[in-house]
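Next come two complexes built around chain A: one with chain B, the other with chain C.
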Partner chain A sequence: MTISIPTTVIIMVLGLIGIGIYALLTTRHLLKVIVALQLLVKGAMLALVLAGRLTGQEDLGQSLAITVIIADTIVAVIGMALAVQVRRVIGTLDLRSLTSLRR
Partner chain B sequence: MAEPLILLTVGLPWLGALLCWAAGDRHPRLQHTLAVSFSVAAGIAALLLIPFGYERPLVTLPIGGAFGDFTFSPDGLGVFLAAVATVIGSLAVIFSVDYMRGEAQLGRYYAFVLFFIGAMVGLVLTTNLLLMFVFWEITALTSYALISFHNDDPKAVAGGIKALIITQFGGLGLLIGALVLFAHTGSYDILAVIANPGLLPAGALAWMAFGCLAAAAAKSAQFPFQTWLPDAMEAPTPISALIHAATMVNAGVYLLARFFPAFEGVPGWREAVMAVGMLSALLAAVMAIVATDLKRVLAYSTVSQLGYMVYAVGAGGVFAAQFHLLSHSVFKALLFLGAGAVIHSVGTRDMRQMGGLGKKMPFVRLVFVIGALALAGLPVLNGFWSKELILEAGLEHGNPLWMLIVMLVVSGLTAFYTFRMVWLVFYGQQRAELHAHEAGTAMKVALAPLAFGTLTTWLLAGSFSRLLSESLPAHPISAHSTGEILLEVLTAPVTLIAVLVIGLGLAAWWQRDRLTGFAPALAGIGKAAANSFGFEAVNRAVVVVMEDSAEKLRSTQTGMLSWNVASLLVALIVVLAILALGVGLP
Partner chain C sequence: MLHVLIAAATLVCAIQAVRAARLLVSALWLAGASALVALEMYLLGAPEIAVIELSVGAGLVTVLFVFAINLTGEENLDERRMIPRPLAWVLLFSAGALLLIFILPGINQPATGQVYGTFREIFWEDRQLDTLLQILMILAGVLGVLGLLSDQKTDLTPSQKEHRA
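Right, the complex of A and B next:
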């Protein structure tokens, strides 16, 4: 039995997104949230490349993927910078104690 | 050539807003200079745009895909309102240089004012109903932010929130209209539906028509939403002059006038519009008679005069409505800015404490009296001609006569409260120890052109009617020369009756001492008027319900990231399920 390349990629996409969402749902650590977001977005990026490939618009899919990489990097950098500040100001990275914005 | 001008008229104020904000509050002089120069530049661009009103070039900003292109088209209605917004906007900004001197957070103030001016221009120039809705809401948002500018004053904050909630409530009507239009035609193009209302089935058109009426009533503070405007008077006075007298509140009248050819045939729509206008004009005029706050009197008179315009649109007098809009913008901005000069000078808005201020502020008295005479509708000033045109329109097209009679009575009431206001502020004995001083230079620079405009804009009647009739083929407007229009007004029997009624209103004020016998009989009405005839309660109920439900929804904001992710996941599953079930896109 042979598995085609698109099927492999789809499995990878679903796997990455699944792991990302699972981690987002369960983790309570801010840095792990950032890691989980990275996994999630990488899955979405891969899906973009695949979609471009399957519809014959490879250039569009890949340029979108590059855009996502840039945006994602910025999110990660700012997220980590915020995490550092949160650790300094509040003294913890536990998400349960980060609800002070609510009121 | 028109394309860059349109983009400049919208873009210059927005650029100025950014720069004023970026300049920082440590450089107030720079902020004043930036605000004045950008608003004046926008005013010049808008005036240069007027000649293009005849050609109606279409400017398209492709934004790709779902919402249709953003299109702008300067036709008569659009360029005229854009000019009003930017020119009066720049005068209000110039006035602010004196009025807001020494205030903290000027960056926020000027940024919102300029943002508002740009949005107002966009609102009147766009031909995409969705984009119009976006601009519509931007003006509501900036209005809220400026009413609540003094955000340490609970009254100002409450007034701003009330204005925001009520105008948003009406804005839903416009959104419904836009969505109905899109659902049936697949585009948000306004011009198409105006040229051919048959594009939409009758039922859908009725939804759109009454949705737009609700939006217009909320925006223009018309019955039954009229109570937010008096509360909005907590705003700095140049804001009241610009947003709550000369421009934003006209957006409702603009919307009705713009869509008049499309909605004209909807059964009951014209009657409903006329009834809304008439009730607003009448109730607000009565409330103005008993109010003691100078700015509230002006606010009620704005509601009342907007009622005249709405009535005129319903009566089929689109030109009369727009001409009165022009007159009203000029003389009401003048009155508000004049009142601003008085308030800035004496530090109170209570007319019972004023009196005899005319001797200390002769210039302000002069311009204020000019504006007041125009508001009362006395001959030769611009308010006279436009108000008479409205009353004349009320006679045509088989409109109900009793409504016209009510409007005539209102013109008498207008004269009465206008003279009461002028007298309480500028004449008679000084009733309290107030330190008054004459207006500053920047204030005078802003007031003088408005006073000049009040004396002269009626001379534009001919060219204005030509502009509107040539650029709005679907509207029932015919071009006449200024002379023809003036002669028509002078020879109409309604004019004579109206002048008599206005004179009666004046006489009632002069003879007020002899009329005291009626006072007990009228006390009940006065009491009801002071409470806004109970509609204040209705409006407050809307606000309270909104705030309560928002407070209840707060519990859904857990602040826990995991919950947010879980709801994202649920939404994703719902979307996937809908796609899997095969609910195809059209």
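Right, the complex of A and C next:
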């Protein structure tokens, strides 16, 4: 039994998005959140390229994927800058200590 | 066969990136996943995207990650989660089911959409506003890096902060 290329890529996309969502939901570390976002967006980007290929509009899909790469990188950079400053001011990267609403 | 191998290796890298206890190890697994995604994109016929993903996703972001880890230091948080693990699984499966519901009907349809033009035409002519916004985003990113690099000596005491605000 051979698995077709689109099916393989869709499994890859679903896996990356699933791992990203799970990590986003469970992690408490600010930098790990950025790792999770990166994985999530890689899945979305791959889905765009695949969708372009499946619909015969490869160039449209690729130009959208470039936008996604740039946006993703900027999110990562700003997130890291935020993490550095949070660490400097609050002294921890624990997301729970970022809230002022104590339970 | 190659695609299946790449998919499996990518998912292993992704799981390890999430599971790794040390942040540095996590960043390296993320770089591996990024490189494999770039390879898959190359095989899917998108070499430009693959090159950008490899240089930016696997290169730049990893370097910045190592830099940020250096500045913040490793910090081991205890094992308590943001939300309970069963709830996370339920949310994950509902998200996956929604994705499948939307993806599966369209997967075997023949390509019917008209082709809008070459990559260059689409990127520089049809999506000018997007390109402009991307330039703005890059500027925002530069400001972010400046924040990352901003000098260490602005460690104000709380009273000084209130005074300055």
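We adopt the following convention: the second predicted complex is superposed on the first by the 99 of 103 C-alpha atoms of A that agree within 3 Å, B and C clash if a C-alpha of one lies under 4 Å from a C-alpha of the other, contacts with A are read in each partner's own complex, and residues count from 1 in each chain.
The rule is short, and it goes like this: contacts are C-beta pairs under 8 Å (C-beta built on N, C-alpha and C of every residue); 3 or more make two chains touch, one makes a residue touch a chain.
Remember, predicted model here, so these are calculated numbers, not experimental data.
J.: Once chain A of both complexes is superposed, is A:D94 in touch with chain B (first), chain C (second), both, or neither?
T.: In the superposition, A:D94 touches chain C alone.
J.: After superposition on the shared chain, which partner residues are touched by A:I66: those of chain B (first), chain C (second), both, or neither?
T.: second
J.: Touch check for A:T26: first (chain B), second (chain C), both, or neither?
T.: both
J.: Report for A:A81: first if it touches chain B alone, second if chain C alone, otherwise both or neither.
T.: In the superposed model, A:A81 contacts chain C only, not chain B.
J.: Is chain A touched at more residues by chain B or by chain C?
T.: C
J.: After overlaying the two complexes on chain A, where does the chain B footprint on chain A coincide with the chain C footprint?
T.: Of chain A, residues 21, 25-26, 28, 95-96 contact chain B in one complex and chain C in the other.
J.: Please output the residues of chain A touching chain C within their complex, sorted ascending.
T.: Interface residues on the chain A side: 2-3, 5-12, 14-23, 25-29, 31-32, 34-36, 38-39, 42, 45-46, 49-50, 52-63, 65-67, 69-74, 76-78, 80-85, 87-88, 92-96.
J.: Of all residues in chain A, which touch chain B in the complex?
T.: 21, 24-26, 28, 33, 95-96, 98-102
J.: Using the touch rule from the top, collect the residues of chain B that touch chain A in their complex.
T.: Contacts found on chain B: 557-562, 565-566, 569.
J.: Touching chain A in the complex: which residues of chain C?
T.: Against chain A, the touching part of chain C is residues 1, 3-4, 6-7, 10-11, 14-15, 17-18, 23, 26-27, 30, 33-34, 37, 40-41, 44-46, 48-49, 52-53, 56-57, 60-61, 64-65, 67-69, 71-73, 75, 77, 80-83, 85, 87-89, 91-92, 95-96, 99-100, 103, 106-107, 111-113, 115-119, 121-123, 127, 130, 134, 137-138, 140-141, 144-145, 147-148, 152, 155.
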